[in-house]
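In structure tokens below, several structures.
First chain A sits with chain B, and in the next complex the same chain sits with chain C.
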Partner chain A sequence: MRRSLFSLAHPAVIFLYFCAVIVLCMSTLNPAFVLLSYVGASALAIFTSGLRRYGKTCLVFIPVFLVITLANALFNHLGETFLFHAGPLRLSLEALIYGATSALMLLSVILWFLSYQNIMTTDKFLCLFGRIMPATSLIMSMIFRYIPLLANRGHEILMSQKNLMGDVPRKKLQSLSYGARLSSILMGWSLEQSIETADSMRARGFGSHKRTTYTPFSFGGFDVVALMLLAFLTIISLYNLIVARADFMFYPYFSLSLPHALVTTSYALLLLFPFLVELKGALSCRI
Partner chain B sequence: MKTLRTRIADIIEMCALVAVPATLLWCAVRSYEHTALLTLIVALGSVLPFFLRFESAKPRPRDFMPIVVLAALAAAGRIVFGPLPNVMPVTAIVIVAGACFGKEGGFLTGALAALTSNMFFGQGPWTPWQMYAWGLVGFVAGVLFFGRTQSVSLVAVLAYGLLSSLCYGILLDSWHVVGFISPLNWKSALAGYAAGIPFNVGHALSTVVFLALIYKPWIKKIDRIKLKFGITSQS
Partner chain C sequence: MPHLTCEKLSFSYPESPAKTIKEISFKVPAGSFCTLCGPTGSGKSTLLRMLKPELCPNGTLTGKRTIFERDIASFAPEESASLIGYVMQNPVAQIVTDSVWHELAFGLENLGVPTQEIRRRVAETAQYFGIQSWFNKKTSELSGGQKQTLNLASIMVMQPKILVLDEPTSQLDPIAAKDFITLLNRIHNELGCTIILAEHRLDDVLPLSDVVLFLREGHLDFQGERQEFARYVYSQAFEYRHYLPVATRISFMAHDRVGKMHEENDVALTRFAFTVNEARKNIETLATDISVKQEARFMSAQETHAHYGTDSPRVLEAKDLWFRYKKDAEPVLQGLSLRVQKQTIHAIVGGNASGKTTLLHLLADGLKPLRGSVKISKGERRGLLSQNPQTMFIKDTVIEDLLEVAGNSAQAHTEALEQLKAFGIEHCSLSHPYDLSGGEMQKAALAKLMLINPSIVLLDEPTKGLDARAKQEFGTLLLRLKAQNKTIVMVSHDLDFVAQYCDECSLIFNGGITSSGPSRSFFEHNTFYTTNAYRATRGLVEHCVVFEDYMRYIKALDKSEGKIER
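And then the complex of A and B:
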């Protein structure tokens, strides 16, 4: 996984950026904009998680893509350019394009989330929401600590059960009740011990001060400029995506007059914002 | 005796829970253009009141430890059974959490299990939906079984497990069907839901098996621990 310069920005900037691109991606079905968003999402996903993981994610969602495209296209009698008739099924070009656009929108949203997860790591998420929701972010960080702890304990319990009761039985039904006993021991042990931990935390004055984070995130000059630029681009794009809706129609005949150049440019700049940050970094390194 | 504050909070929670299916239905009937975006925002918004209420109660660490442990067990169980995507112990554990710690505890366990386990499986637009749906499963389990764990028969719990995991699946598929298929008619909706049937049936059956295995022993242990440590549950 490559570390992008954008990931060094303040968590609030990153979070708002992804909110903006995901909302904008879902707010229009104009095929040109959906395609643009897909290209932007793919570029960032490939950059942050590598071609391999990107390909894997796309492959996993091919069935969903096909189901949505076909469910849209096969039972739709609005289009006028017919590709084929087969009894009650009529496939029109317009319906097919509509279905594919709709499914591509879903795929782009999924890809945006993939990059989101690579850039907005758990510690950033907790830093951002720890101030607004201290108890919830504490619970979340404790759950993250408990998942590996439970795995280790589960292994320990399995080893001692094997010594006491013999190996895991071969028969399906018996092995199920063996597993149920393991889980029950694990739950009882962990629950009881966790309450002792909680009492110990309270005795040591937990929660009497504001929680600090391991990584110091500071809101600097770069973040102010970035936030203003993002807000500007988002407002232009949002306004025009809603207005530009009139520029295309699916039914009865598919027609697409390309959207205004200014709109497309501002939307493309917004989508490629992490790469602009990268470019700025590369330029300032060279000088 | 309920104070005015808790009554208002109860009403807000009920409205938040009802808002999601109501919006889905409204969008489906009206064939609204921005359905995918609107319903996603409503699902995200419906989870918030529960967390805000939890924050405003200023809970002590020992009060929320059961939620931590049960949500972590659910997430860890989901990771263990990760290779079989339709075998998820999460639903069963969330039902136990609702039955033992009430409707709020059940909701938070379900929502947090979804949020944290998705850090391993990948976040996506499905995250708010899973948080809402598993939270709802825990909430209704709390309404039905909390305080009655001794008298409710195992068959009733298993029936609820079967029904709730089917509803979970239908709710998650609804976003794809209502949000991305247009025009929505019986045929196209059926085609959309039919694709999810193998997954949902597998999930429902595995939930029943998990519940049959863990419900009785876990309830017994949790009741003992609640008595031993004097844990207050159900706000």
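And then the complex of A and C:
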């Protein structure tokens, strides 16, 4: 995964960005906007997880897209422009476009979440919500510490026991009891080790005072500007959403009313915000 | 001004009539480096824990213990947290959170330090300890040495005046252990922090110590400066000589010899060696006559030659092994080949994360290689003892655990008991496996493993965390197994142990075996990756890889002197 400049922004900026693009994406079915959102989501997904992973994801997308589009086209008879007519089967252009648009919307939301996962790591999430729920954020951090630890220990126990007791048996009942045996060792060992963890916590004054929550992220001048810009773009796009939605309809006749150019531009700028950050970074590097 | 004072301190655990700590009095001056040593079970950990109110074990405590002339028990938790730092043995278990930065901030968060202040302190601490390059990593991705450095740093971030460490390097490989001790020395010298360190691997620690405390069965047998400590062990506690650094033991022998030559040889005036460099000077003073030296070198060299290994049939062979853990990962092993001869102890040595453990699991058939094969001779059976003996136990007592493998008949019971006796741990048969000491637990796990009757025993770091005596016992045990027609392959960092007990030695580097051979010649061909005894005697005495070889040289010196006099 490439480390984008955008991912270095304060978690609040990142969180607001993703909230805005995902909510906006889900609340309009204007094909122009949906397509725009899909392009934006694809660009960011390619940037954060690489072309290869994006390509693999798209391979899964194709059948999903086809199924949703066709299902809507076959079972929805609201459109008036018929493409195909055979007995009870009527295929209208409107229904086809509606299906394709809603499928594309769904896929772009998935893509947005893919990038969200790449950029908004758990520590960033905890930084944002740690203040509201300090205990939970510490517990989360400890859990995330325990997952790889238990996995490692489990692997070591398996190696050790395989050697002592032979391979995991094929029969279901026996393999169950084998598994119980492994987890019993894992529990015993981990409990024993956690005494030392508890000591280490107490030695560092845990429970002696009301805790403060530290995060390594600081809210700087860049973040203020970025947050304001994001808010501005979001408000324009939201306005457009409410107003332009009325102008546009699928049924009975499909009418592609293109939204206002200024509004479209601001929506596009919002979607491509991470790239704006990247561009600014590239420009300032050149000096 | 004394910083830490203990007066007539005694302690006993509940339901135990015997005292663990018996009337101990000592003073540690401010800013000193104090080493607490003594055999396993002498009460080192208990004593250290009593210096930290939150960790003080339950039991009856009498006597006085003060820091800055205040009773230790009177410190409030937040005062104690920022005044007394405590680093424990296990690098993994001490880590609380998932990321390095959070771990560093954890203590300060607990004390309610404001975010801005935490930011500043975390930053400067990370800088000082060289953590910047892995500051953003997850704690699970760190190496053992990095983990322990992180534990130290996350204590130091609270700016304690006293740093208490309970065998912090016992789970680390020698290079990481040396780095850690160097770091401690820096903290001591640059920050003036008082350090109280319990250790049994004294080679690196004694040269730095101002104060040495020697604890034996709960008694403080010695306290004082390190030269005095060497004198004390030299003249009074002979049985503890093998706890001392090789360099010091070499200078003991030198002292013995010089004593024979000059009547007026006062122990009180001798300065014993603590580093390899000092020991080398000591060896040069052993004899003045060049012809005596040459004769002795020749004689001792001839004697040691008899100890080189011979060829015997192979029982285990790995050919062109390739292995990687994940699909896109760099292979850990890249075309590794290894041959193990029957009835030998074969050591695999190499740096951290060089793939030693992976190789052992491949040899044990626990992992499948990407390419290549592992072959064993017909009728041989492999048994693997992993790095943590805890992975072997499942029952509440040692004997039950052994019976689980041996079967539940009366015959199995006697067999298991005999096994425990043979391993010298029959007194532990009714204890819970987790209650055993490191050495005992290691032996119990091996005893259990031997019940499945493997002819090839694969051991992963069996001497990790064991003190000198436990190591000696374990080594003897290995030699006995070898005599019972077993083949032993062990992965180890402990070069002194390997030199002493192993027949063959292979160095794993960059995914392959780069050199392999009889362990003697292996160590003699290396300059850096070799034993302290060899470093100290290199160029002065031939074939002196372990301390016993050096003793042989001393004997040869005596003989050749006698010859020339005649």
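Annotations
Note that in this section the second predicted complex is superposed on the first by the 237 of 287 C-alpha atoms of A that agree within 3 Å, B and C clash if a C-alpha of one lies under 4 Å from a C-alpha of the other, contacts with A are read in each partner's own complex, and residues count from 1 in each chain.
As a convention for this text, a contact is a pair of C-beta atoms (placed from the backbone, for glycine too) under 8 Å apart; a residue touches a chain by one contact, two chains touch by 3 or more.
No experiment lies behind these values; they were computed from the predicted model shown.
Once the two structures are overlaid, the count of chain A residues touched is higher for B than for its counterpart among chain B and chain C. By the touch criterion defined above, A:214 reaches chain C but does not reach chain B. After overlaying the two complexes on the shared chain, residue contacts for A:144 are found with chain B and with chain C alike.
Residue contacts after overlaying the shared chain place A:70 against chain B, while chain C stays out of touching range. In the superposition on chain A, contact of A:8 is made with neither chain B nor chain C.
When the two complexes are overlaid on their common chain A, residue A:162 makes contact with chain C while staying clear of chain B. Legend: residue contacts after superposition of the two complexes on their common chain; A:116 is shown touching chain B, with no touch to chain C. Shared-chain residue A:204: touches chain C; no touch with chain B.
Once chain A of one complex is fitted onto chain A of the other, the partner contacts of A:188 extend to both chain B and chain C. In the superposition on chain A, the residues of chain A contacting both chain B and chain C are 138, 142-144, 149, 181, 184, 188, 192, 194, 197, 199, 201-202, 206-207. Put simply, chain C touches chain A in their complex at residues 52, 54-55, 76-78, 80-82, 85-86, 88-90, 92-99, 101-102, 105-115, 118-119, 122, 138-140, 151, 154-155, 158, 361, 364, 366-367, 382-388, 390-394, 405, 434, 448-449, 452.
Residue ranges on chain B touching chain A, taken from their complex, read 33-34, 36-37, 40, 51-52, 54-55, 58-62, 64-73, 75-77, 79, 108, 112, 115-116, 119, 122-125, 127, 176-177, 180-183, 185, 187-188, 191-192, 195, 209, 213-214, 217-218, 221-222, 225, 228-229, 231. Interface residues of chain A, counted against chain C in their complex, comprise 123, 138, 141-145, 148-149, 152-153, 156-157, 159-164, 181, 184-185, 188-189, 192-194, 196-197, 199-216, 218. Note for the complex: chain A touches chain B at residues 22-23, 26-27, 29, 57, 63-64, 67-68, 70-72, 74-76, 78, 98, 102-103, 105-106, 109-110, 113-114, 116-117, 122, 133-136, 138-140, 142-144, 146-147, 149-151, 154, 176-177, 179-181, 183-184, 186-188, 190-192, 194-195, 197-199, 201-202, 206-207.
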